[in-house]
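There are two complexes below, and they share chain A, which is joined by chain B in the first and by chain C in the second.
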Partner chain A sequence: MRNIITLTGRELSSQFYSPIAYIVIAVFLVVSGIFFATTTFLAGGPSNCRPLFQLLPIVMVFVLPMLTMRLMSEEFRNGTIETLMTAPVRDIEVIVGKFLGSFIFFLLMLAATLVYPFLVSFYGPLDIGLTFTSYVGLILLGALYIAVGLFFSTCTRNQVIAVLCSFVLLAIVTLLADFLVRQIEGTPRVVMQQVSLLSHYHDFARGLIDTNHTVFFLSSTGLFLFLAVKVLEFRRWR
Partner chain B sequence: MAIDQDRNSPQSDFSGRHLAIGTNVVLSIVIALTLVVVSQWVSFKRNTRVDLTSSRLNSLTTGTEYLVSDLDQKVRLASLYFETDIEDEDQARYRERMDDLLSLYQRTNPSMVEIRSINPLQDHAKRDAFVDELRGLKVFSEETQPYEALAERFKNELLGQINELLQGQSEKLAGIVETTSDETAKIDLGQIQMLLEDRERAVAFATEDVRALVDGASPQYGVVQQKLVQLYSGVVRDLNNILSYCQQLRVQRTSMPEAVSDYVNSVDTAYRSLIARLEGETTNARGLGGLEFDGLVRQLGPMSNALVVYTDEQAKVVRFDEIWPAADPRAVEAGFGQRIFRGEEKVTSAILQLTVAEKTAVVFARFGGQSLFAGGRPGMPGMGSRPGPYAKIKAMLEDANFVVEEWDVASMETPPELDPPPVRTIFVVLRPINPPPGGQPQSQGGFNDLHRQRVVGALGEHPRAIFVAGWLPGAFGDVPEPYPYDGYLADDWGIHVASDMVVLRAFPYPGKPGEMAIGQESFVAGEFSRSDHAIVRGMVGKRGATRLACPIEISGSRPEGVVVDKLLWMNAVEGLWGVRDFTKYEKNVREGKPVSRQEGDATGPFTVAVAGEAGDGKIVVVSGRAPFSDEWALARGGLLTSRGITTVLRNPGNVHLFINSLHWLNDRTEWLDVGKPVDIGTIAIDERSGSMRVIKAFAYVGWPATALLAGGVVWWMRRR
Partner chain C sequence: MITVRNLTKRYGPVPAIADISFDIATEQTGNIIGFLGPNGAGKSTTIRILTCFQPATSGSAVVAGFDVFRESVKVRRQIGYLPENAPLYPEMRVREYLNFRGKLHRMSPVDRTKAIDRVTERCWLGEFVDRPIGQLSKGMRQRVGLADALLHDPKVVFLDEPTIGLDPNQIRETRKLIRELGEQHIIFLSSHILHEVEQICTHTIIIAGGRVLAQGSPGELQEQISAGSKLIAEIKGPTGEIESAIRKIDGVGSVQTDSLGEWQRLSIDANGRADIREAVFNLISKKGWSLREMRREVASLEDFFIKITAEQKQR
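Showing the complex of A and B:
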């Protein structure tokens, strides 16, 4: 556990050292600010942030892979992985530490968007429950995105390949799957709904907490972290 | 030996270890994947949901949930809310809300409820396939059969007969015209021939149209019917004209060539049978009336925002203006903010109507007067026909799957017969009001024992009824009229309606502390306390009000087996009086002077609604003058919102009490409180205000720049 905390702290510090992180936060806030002003904060519109919360996952598809691309790839490229591997830490601790570092950074980034519901609450009765569930959904979704990004970062020493692979997979299961859900009917639709991340997230943005979606996000995140650990183990023995 | 050597070599060790680790990795990944898939499958099948929205936006009412969970046939909900590339904000909100609602129905019973969304503006193929699917429903396929038969008879029989006659006659005339030397006859017969040829061409065109309409991807039998009526009428008209013309020729032309004469004399025989056949077919076609299916399809226009609820047998369209009525009915173009969402109410109603075949009747028993539902002023020049005082309530009850009728006790001995017979009849017994002295004469006279016996007899041994029992001043304004059903209620139910007393709420006299005054509002009873009875349990936050109420008392010595519960009452507060003789107050009220409670007048609490049960019988007694009429139960009042003044129901509690009483009387307690208005707050800000500009600037630039600046400072400090 101590190792995980140390690695998390190290990862978090390195995020804050990097100017890219601040640029990423600024870009995230610019895009979410535009969405907020154009789709959510409208005179006479419903006093909740649901339109914004429905669009944030799309922003996250682009932003989070940029945060995660360097997690392991950079260690491979700089050769610092050798030091890490010979240190008295287990693979799983490395992966979990890296994951938590990025995840905390993501939470801070997400916390910056709290200002939007706060603004809405000044001009109408804010639906607190809906805001709460939306953030729960975003946090679960963000955790999965980071796990996916970390997995691809573990697979390659090339950051560009890592970011592209993450982006492609996330775009497929987020955007394309959601598009397909709208096009098909019957059982294939039910199956596609189970695959589509937006379908799972959608209920959170509507003010619902559903055990199915919660289990989906948590188990999928766990799976990708597990895969990342296995890849790291495999690399050690190659 | 060589193999052993190979096995013991470092290379072999390395490969073996590689294989073992690889196998281990693959196995563990397979196990992990299996675990993930299984856990997700289990959570999908046995999920739990919690709605955390403050307005319970994602929850269906208990009544709807019961209805949907208990469905014994598939119900399909198809949303035809359109979508465009550059979309109006309101349209997106309407569609989103509808999609959310439909998914709630589906989740409540995934095996019995199917939902689908079709964009009628862009998914033309989907829409056409959907219309075909609807056409195949039992009710529509049965309805179409006579139309199909009509078209078949045309194609297989009548078309041949018409063509045969027209062509045969035309050729025959051509032969005569060619051979005859009589110029006058040539002209006469030429005109007939021209008429026949014109008609032949018209028939050919109409046939092409009919074939296209029948054989197309989406047969339109309603249009075919109209085309055939037009076609047959045209042929009959022309043939009759020829017959008349020939009749004239026979009279006017005394000397005609033999061939011409033969023709003129033969037309009667040649034409009559076809004319008779076509006239019969036209009558038959007209008798079919309009196709219900065509009416349904007409409501599915590309921008109609319709919702279709359908089963294997029938379908019902729920129109946009039913689901999203304007809060102010006078508003011509109401936006999202000015509309009320009645989605659940209407969808549930449609499901009820499609799936619950057995209907309960609600019969309003009135004494004389005008119709409760139909126009109240027929024949008044320039006035049109005003809807009856219970017209909207009737529509609301029909939405809740009741059959609604009225019974004039003064003129009909027994309640109206209903076809098909309802499974149960619930009576709403309105307080009889006698005609004023010197007013319009009532042929039946005033309400008497005979009328009462009619009603009590109709109620039977196990009555299901709502009694509306308000205070009514006497004919001369002094002694109040006794409630005529009080004897029945007291004897059979132990309920006494104190109709000699009106509940009155005096208010503090302005400027004179401790003294009271009476105004018009004093006769309105409201601010009720409610019991935990199923009928009123869900009435929290819904204002109910009634006027001219009299107290209802529950006797301590009720007949055996009778249980009576209080539903609503008014607590004893200062100024709440039960006035027996209003004339004692009248002078002061007229002169605007203070009043004080007279001796003999009661103080609260006063019960205004009770429910009684005795074996299989159930009644509800509500005090007040017409508390469930459109004018009172559906009265609307202005409410100031961020987007101006909108109107809301002033007494929603009355509607709740009425509908829930009916469900309770119908033994459908699980349907209590079906439908609910969902109220979502809105952002109250002027689009052009300075605050709006500041907030937008903050969102676009200010906040991201702050984050960037903070990050820059942290980074710079750590670098140092």
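Showing the complex of A and C:
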């Protein structure tokens, strides 16, 4: 546990040293700001941020892999993996530490978007429940995105490959799957609904916290973290 | 302190190291162990296994009393490791990095501060502790890596090619430092430079092509290698009788005779490590022959090392 805190702390501070992190924050806030101004913050609109919360997951597909691509790839490329893994730490502590470091960074980034509901609340009574559940949904979704990105970063020493692979996988399960859900019918549709991350997320954006979806996000995050640990073990066994 | 038994590591079908065995015990071997071999001999692979970075394909290794495979975390608490080229996080400052490493070794804040002061002084990092690692020169980064390896006062310190890429001054300083460190820690260092190992190590293991070729103290090693040494003698006496008489001496292997006018030049191979010089001399004086030269042609460690390095290249 102490090792995890140490590793998380280092990871978080190294995020702040990296220029990519600032670009990621900037892109995230600019794009979400544009969406907020053009779709949400409208005269006569409802006093909530629903349109913004529908779009943020899509922004995150593009932005979070850039945050996670260097996590392990950089360790492999620089050789620091050798000093790291010959210190008395377990593989799982390394992966969880890296994950938490980026996750906390993501939470800080997300905290900056609190300004939007705050602005809305000036013009009408804000739907606090809906805002809360939407944030819960975004946090769960973000955790899964980061776990996927971390998994791909563990697979390769090349950051470009890591970012592209996580981007492709996330785009498939977020955008393509959501598109297919609306195109097909019958059993394939039911299957696609389970695959589509947006289908799981929609209930949160509608104001519902459903155990089903919560468990889905938490267990898929766990799965990708587990896979990352196994890949890290495997890479050393070769 | 280090016991290695039949260690083998394959990458695919190709063995990087095959059936390596050796024992390091301070009483017999001293504290500074040189692991000498040409590039690609399997030095880094062996060190990676001993530092628990990679598991071996087969065989076993015990470091500081613990099995590297089954008790790897315990081993890792007892060792310090400086990998080749000293990989570090360039964005961190020296003190910050050492502090991070100290935390991973579960040192208390007070111990960490003390230890950082100690190792930065030891490795001449004094004025650089608050500089970002990315700004440091290659030699300075090597020192940071060394400081990291010493931070938790480990029993065994593994140094993989610690002087590679340093300038001559830094090499001399590093060697001096290693010699000093040998008083408190067991130092296991790999190198492909013979005279470096000869200068600082109390025990040397020579490895090539993934196999241990020779090991021992510098003296023992010299003896092992010179075991097949030749005795050259130039003798004047009745032709034909000399060679057959010398062949009868105990411990003499093959004898070759060249005729130089009235002198005979004999090159005599001794069996094993037998020293036949006295016996040869006694024979000559008993027979009343003349002797104008007798010398032992000793294979030097350098010849031996050049030979194995050349063999390695041909493979």
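Keep this in mind: the second predicted complex is superposed on the first by the 238 of 238 C-alpha atoms of A that agree within 3 Å, B and C clash if a C-alpha of one lies under 4 Å from a C-alpha of the other, contacts with A are read in each partner's own complex, and residues count from 1 in each chain.
To be clear about the criterion, a residue touches a chain if its C-beta (ideal position, glycine included) is under 8 Å from a C-beta of that chain, and two chains touch if they have at least 3 such contacts.
Because the structure is predicted, anything quoted here is derived from the model rather than measured.
With both structures placed on the common chain, the touch criterion links A:V89 to chain C but leaves chain B unconnected.
More residues of chain A lie in touch with B than with the remaining chain of the pair chain B and chain C.
When the shared chain is aligned, chain C comes close enough to touch A:S14, but chain B does not. Looking at the shared chain after the overlay, A:T80 reaches chain C, while chain B stays out of its contact range. Looking at the shared chain after the overlay, A:T187 reaches neither chain B nor chain C.
Look at A:F234: by the touch rule set out above, it reaches chain B but stays clear of chain C. Using the contact criterion defined above for the overlaid structures, shared-chain residue A:R2 touches chain C, although it does not reach chain B. Of the two partner chains, chain B is the only one touched by A:Y116; chain C is not. In the superposition on the C-alpha atoms of chain A, the part of chain A touched by chain B in one complex and by chain C in the other spans residues 17, 237.
Chain contact summary for the complex, chain A toward chain C: residues 2-3, 6-7, 9-10, 14, 17-18, 78-80, 82-83, 85-90, 236-238.
Contacts from chain B toward chain A in the complex involve residues 17-18, 21-22, 25, 28-29, 32-33, 35-36, 39-40, 42-44, 47-55, 57-58, 89, 93, 100, 114, 116-117, 335-337, 642-643, 680-687, 692, 695-696, 698-701, 703-705, 707-708, 711-712, 714-715, 718.
Against chain B, in their complex, chain A makes its touches with residues 16-17, 19, 21-23, 25-27, 29-30, 33-34, 36-37, 41-48, 112, 115-116, 119-120, 123-130, 132-133, 182, 185-186, 194, 203, 206-212, 214-216, 219-220, 222-223, 226-227, 230, 233-234, 237. On the chain C side of its complex with chain A, the touching residues are 11, 48, 51-55, 73-74, 76-77, 79, 81, 83, 85, 87-92, 100-101, 103-106, 145, 148.
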